[in-house]
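Each of the two complexes below includes subunit A, the first together with subunit B, the second together with subunit C.
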Partner chain A sequence: MRSFAFWSLVTAILAYMTLPTLVVLMTSVNPTEILAFPSEGVSFQWYEKALTYPDFQIAFRNGLIVTGFASTLALIVGSAFAWLVQRYSFRGRGLLEAVLWSPLIIPHFTLGFGFLLLGGAFGLQQGYVMIVLAHMVLVMPFVTRAVYVSLANIDPNLARAAANLGASPFQVLMRIELPLVLPGMAGGWLIAAVLSLTEFTASLYVTGSRTQTLPVAMYNYIREYADPTVSAVSAMLIIVTTLIMFIADRAFGLRRVLAIDTH
Partner chain B sequence: MTPHTRPDSPAGDAVEIVRVRKEFGAAVGVADVSLTVGRGEFITLLGPSGCGKSTLLGMIAGFVTPTAGKIIVDGVDLTEVEPYRRDIGMVFQSYALFPHMNVFDNVAFGLKMRRLPKAQIEAEVRRAIEMMKLTGMESRRVRQLSGGQQQRVALARAIVIRPKVLLLDEPLSALDKNLRAQMQVELSDLHRKTGLTTIFVTHDQGEALSLSDRIVVMNRGEVQQVATPIELYRTPANGFVASFIGEINALPKARYERAGEMAALVLPGVGRLTAPARAQWSFNDGAEVQAFLRPEQVRPALPGEAGANLLTGTVAAHIYQGSHTITRVEVPGIGLVETRVTGAEIISAHPVGTPITLSLDIGEAVLIAA
Partner chain C sequence: MTQRRPFFITFLAPAVLTAVILVAAMFEVLQYSVRAFIPGALDVGGFTLDNFTRINRPIYWWVMLDTFYISFLTAIFSLLLSYPVAFALVRARRDWVRSLLVSLSITPLFTGEIVRTFSWMLMLGSDGFINSMLRKLSLIDMPLQIMYTRFGVVVALVQFSMPVMIILLATAISHVDRDCEKAAANLGASPGAVFWHVTLPLTLPGILSGIVVVFAWTMSAFSTPQLIGGGKVLMIANLAYLQGFSVLNLPFAATLSLIALVSALGSLVLMKSATSRIEKRLAIA
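Let's look at the complex of A and B:
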């Protein structure tokens, strides 16, 4: 048995971590129009409103389009990067790696603002192209890392064994290496998709009024209305994301891909 | 299963390694090694780690490009041929089984690459699986297999393609001791059944002695000796081979003297050791030589025994091994000398710290020019 102090600490940390989310989730079933806490009673009217509100519908569709392009392009570019960095040593490899990880250090608003300025210089309007480009940069480290880790986990003797058994370099790639990195690529794509779908800060700069993504639309909504509709949207996003992550972990071993599990 | 000897294989040697050299920058990994392996022979590359044996194996498989020299298999120069066009089977130390395939697909991989008809692949894979006693495990994932089973899958995968040569890179080193002994027997059986020319790499002299037709002892990239296990044990070519194969006592350097039928070793500060001269002791009178003696060629002197080859020292330790005992004796002017005698009597007859006289069978010693 652990001591009382130990369990108190664990409880406090858990509460601290989850309380803000729980508050939002609780207000989403608030029967009244006031965005207040604590709430009284249960109602699903805000879920109905969230699902039928045209701005949210459009923003959700925009988000899917952006996420689809950004994650897929990041996957292609990131996989190539991961493969280069893992397989070859060349001049400037360290610099390339550093640049690749840099979105983890650089604030999102800096990136968003930067893209906005660049867009201005090159005559590019706020819109899909700019959002996709910005999101690609933001999710690239995660995709690259996922692919890099799965590549590094492949025993180099597997390729030798396959060659020894008569497989040409192309056959080794298609039958041995690709199937073994595929879970990493899928896992990386999913994480990229979730990050892109919920990204707000950079998106605020690079989206236009008709290309706004869901988080931006939620921000604009809450500036005008103070009802719990955004809470309902949050709740739905959390549920969907959790489901995706759960399935991804089961199907691709997400923990292994992200090196959360070390084996 | 029918022997895997290829009906189209030409007569002559299976593998010819001609002055093969591999340099890694300034370091020499393999230094001008030449070697021929007979058809159906089981040959072992033996040496300490870093001796070049794995590099040599890598060059035969085609994973390592030689700096110079030729590798000829079945009369065809393979030096410039890609690994996947060589028809050489290999079992890796880590087995390198494909983790995303089951046992059947692992074994079938090489045949699929050769685009054989499906029915033939099925039949060949079944036979290899049966031969390696893996029947019933066809649909298992390789992660679910024990070390010994993985080993068998790796062997089945390598032999099913009927390779011209089978390369084994320390395949037993990952197994525990009991399993290793069992797999040694199975490797031996497999070689007898398939008749495959086999090149085995190991640093374990016990494995080498028990499995091989011939052993190639390597050190620092160079071949030290190529010989049958018995020749290697009885007549090592130099001090390295003598010390690497089995246990051996190395005496200090001595002067060789010849007087008619008798030869003598003059050890400074110790005395003269004598024996009838042997034909292979073709040293000049006064040459500097070193004598090597197996522990079984040293025994405690009998009570009252007299003669030239007696040395007195102090018992330093007994190592009881059940069927026999190894006794270490500190001899002044020589150092530790090991004797190996049957049973355990010596332990009570000569306790640690008491004096003991040893009789050396110099006539059986290996003499090497120092």
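Let's look at the complex of A and C:
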């Protein structure tokens, strides 16, 4: 009886967490402009409108450019940084770590504002360079963390054995360590890509009307119109991110990458 | 591990470069916050502390208090709703139940704030899901006003913060030594007493860090108060955006952004010291 009450409570809480997502999916196939719950019929016209609406098309392309560059740069710099934290000790390491982990704490609007002002100082405001840099800084901690965890799990004897057998440091790095860390890097890169693709607040500051990313375009649409087009875009985003996270979990062990331990 | 190894500079250079760019961006915020505002111009004047004295007006104090109040409510409700889920996630006997709970509770983290805020607009609007359902069940005649209220903003913010809270709580609960619980039960404690006197105190560090992390996160919330608050609920991020992009007072917007950053950092420093004190006490007990 006690356990029944407990699981009912858990189910109710999970319903509260999941219901908004289900409602978005439901409204995205609403047949008319006026929403009805439950909807009377199914229509894919809003998907068609979302996919052909020029603002969303441009914003999606912008988003892909930004996400591609930002998450790949974050992968390179974040991996190098993870190696640094794991394997080297040097003066100023604590300070460097404090700065590079801080985007987890800095409010996104403060960070976006900072990059907007910095861009202004160099005549690069609302350009791709500043958007990519802002996104890269924001998502890098997640890559660093993923790579750091995989590096920490490598048996140090493997590198020692290779070195004993005559491998140069470069060979040890490329043929022993890198392949072992690759799953962690791939998982971190996927998380970085998803976070960058859906980032909104900092993007609102650093993008302009020509360089806006998808979430910014959605925000501008919501403020002007109230039809289910944004539901369709949201539904597609939900499906894509869920799929990516599912793949990341299956292939690289998302729980390990995020360091969530349940046991 | 401590000796210099090859590739040191290769690994160091990109990290240092990134850190310099980030520090430069934050320095720009600091620099603007001590500049004079010239109305009608994007260029700023000389150095001044006027922006900080300007905060000392009732309208701005109300926004700050509201931000603190909303963040506090969000942290408390997020804790109350997340604890049972985290507990179930760690203690469920079946593997598939655990996997299902992890996916359901973590996935919302990755859909992004615009999708999540928009979905709450569909839920809470006067013709939204909740009002439609209540009307269908004939529980209400007039739609409830949930959009554009503090209550509506908190309802959405709690759902946003729960994945993070659940992760932190699940980690704390998984570290509880089950033997302590068994010992208490053997000595005659009821299941409720075991939870209240053993499990809950042992997870206190996790609870505390969950509350502070969610509090700090919520303080910088932007899109939820912006869209669900609709101008009726102003948090510090919305005020900063308004000052920066409508009034074009970049120096004052910078001051507000800086205050938000300092508040977030400050609450985390407070948490660090509080958790280490609690952990020490737990270690003694």
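The rule is simple: the second predicted complex is superposed on the first by the 252 of 263 C-alpha atoms of A that agree within 3 Å, B and C clash if a C-alpha of one lies under 4 Å from a C-alpha of the other, contacts with A are read in each partner's own complex, and residues count from 1 in each chain.
One rule holds in what follows: a contact is a pair of C-beta atoms (placed from the backbone, for glycine too) under 8 Å apart; a residue touches a chain by one contact, two chains touch by 3 or more.
Model, not experiment: these values are computed from the prediction.
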Between subunit B (first) and subunit C (second), which, if any, makes contact with A:T241: first, second, both or neither?
-> second
Contacts of A:L117 with subunit B and subunit C, given as first, second, both or neither | second
First, second, both or neither for A:P179, with subunit B first and subunit C second = first
Look at A:L158 in the shared chain and tell me whether it touches subunit B only, subunit C only, both, or neither; answer first, second, both or neither.
-> first
The answer to whether subunit B or subunit C touches more of subunit A is C
Classify the contacts of A:G166 with the two partner chains as first (subunit B alone), second (subunit C alone), both, or neither.
-> first
Dual-contact residues of subunit A (subunit B, subunit C) 169
Seen from subunit C, its contact residues with subunit A in the complex are 1-2, 4-8, 10-12, 14-19, 21-26, 28-29, 31-32, 81, 84-85, 88-90, 98, 101-102, 104-108, 110-116, 118-123, 127-129, 132-133, 136, 159, 162, 167, 170-171, 174, 191, 216, 219-220, 222-223, 227, 237, 240-241, 244, 250, 253-254, 257-258, 260-261, 264-265, 268
Would you mind writing out the residues of subunit A in touch with subunit B in their complex?
-> 155, 157-158, 160-169, 171, 175-176, 179-180
Which residues of subunit A touch subunit C in the complex?
-> 2, 6-7, 9-10, 13-14, 16-21, 23-24, 27, 34-37, 76-77, 80-81, 83-84, 87-90, 96, 99-100, 102-103, 105-111, 113-115, 117-118, 121, 133-134, 136-137, 140, 169-170, 173, 191, 194-195, 197-201, 204, 215, 218-219, 222-223, 230-231, 234, 237-238, 241-242, 244-245, 255, 258, 260-263
Which of the residues in subunit B come into contact with subunit A in the complex?
-> 61-63, 82-90, 92, 94, 96-100, 109-110, 113-114, 157-158, 161
